[in-house]
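Working notes, beginning with the structure itself.
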Amino acid sequence: MGILLFGAAKDIAGVPVLEKPAHISDVAALKAWLYEVYPSLQQLKSMMIAVNRAYATDEQTISQQDEVAVIPPVSGG
Amino acid sequence: MGILLFGAAKDIAGVPVLEKPAHISDVAALKAWLYEVYPSLQQLKSMMIAVNRAYATDEQTISQQDEVAVIPPVSGG
Amino acid sequence: MEILINIKETITVQEALDFIQSPECGGEVIFAGTVRNHTKQREVLKLFYECYEAMAISEMQKIAVKVQEKWAIQKLVMLHAVGDKYPGDLAVVIAVASAHRGIAFDACEYVIDLLKETVPIWKKEFFADGEIV
Amino acid sequence: MEILINIKETITVQEALDFIQSPECGGEVIFAGTVRNHTKQREVLKLFYECYEAMAISEMQKIAVKVQEKWAIQKLVMLHAVGDKYPGDLAVVIAVASAHRGIAFDACEYVIDLLKETVPIWKKEFFADGEIV
């Protein structure tokens, strides 16, 4: 599955979904890859990764079947 | 003016208004007189006197022109 | 601070909302007190609220003054029902509008707490077992 | 605890009230967040709310679980609007019903605080001066 992008992260990437490179197997690696491809993401106050609709730690592994999303600082309410 | 009675105080006295004896000139004297005439008022958790629509202290004087009321424990809300 | 104070037979949350909602305020906190069908496990048939209206309005105004001294609140509503009230009926509505939600919560709770302590309104409870307290 | 969670174009306080008001509960606390016509003195034309809906619903459910662990709340409503919202429009409604008003205030404030921290919803602000943030 692709990587879903929301809010400011979507604006920075310019697209709502990214293809996940096959070699990325955990959250830390995904973040590093995102920062490399879109350096502006480093300007976000925070960038969380959600795996299967739940906030994930850097150590969490990611498989091809997982629903992965990039969560910039939320601002609901 | 008469003395207005509300809530449990009105139920105990059995009337909504009492004639104020002319010799009563402060809140403490009014309370003493009320307790004497209606001893059951002593069963109330509290009995405040309002003079001109504001809670009054025992020391406050009462004139014939004042609006006086007996305020048992309130239970609004 | 704009203030709406009212004591009458029937009150609604909507009239409180209509008064406080405005594009200037971001946060509104509303407390609605309804008649419960039980008190300490005993079935309640109805309540009867009476009030010393002139003094009740005056005490509510005093609460509004205290709120104004403590917090930057834009709008405050205090509504209280009187007469026969049945389970599910609204007895009281407090509504507060402020730019900041934290103080709106604080002010709303303060108002209902103080109203229950100082405003001369009395309820009589009519229980299913026949007792009236 | 009965729970109503909803994310949609238009929300109302009334639907929250309809869900929480019951003769079993004495106290209802409602928080309504409306779009303000200014942010830090700058005029706001509109907000646009987007959300990661499946996860937002899941995070709202997690908040409900935490509320249930902390307090004896009977009913909880969380509504959030999405799409274009103009000054005065409702953005969020939280409603809590409980037999005791103190915990209803605590729970309602807890829910809105946590919702703003954890639920994946984002707003874009469209300012009168043309900036979009």
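The first chain written gets the first letter, and so on, giving A, B, C and D; residue counts start at 1 in each chain.
By definition in this document, contacts are C-beta pairs under 8 Å (C-beta built on N, C-alpha and C of every residue); 3 or more make two chains touch, one makes a residue touch a chain.
Chain identities (UniProt): A, B = Molybdopterin synthase sulfur carrier subunit; C, D = Molybdopterin synthase catalytic subunit.
Only a predicted model underlies this, so the values are computations on that prediction, with no experimental measurement involved.
Fewest steps needed to get from chain A to chain C, stepping only to touching chains, is 2. Centre-to-centre spacing of chain A and chain D amounts to 26 Å, using the average Cα coordinate of each chain. Mean C-alpha positions place chain B and chain D at a centre distance of 47 Å. Counting partner chains per residue, chain D shows two or more touched chains at residues 33, 112. In chain A, there is no position where the chain touches two or more neighbouring chains simultaneously.
All chain pairs in contact, by the document's touch criterion: A-D, B-C, C-D. Against chain D, in their complex, chain A makes its touches with residues 4, 6-8, 50, 53-55, 69, 71-72, 74-77. Residue ranges on chain C touching chain B, taken from their complex, read 33, 49-52, 54-56, 58, 80, 91-92, 112, 115-123. Considering their complex, residues 13-14, 17, 21-38, 87-88, 99, 101-102, 104-105, 108-109, 112 of chain C touch chain D.
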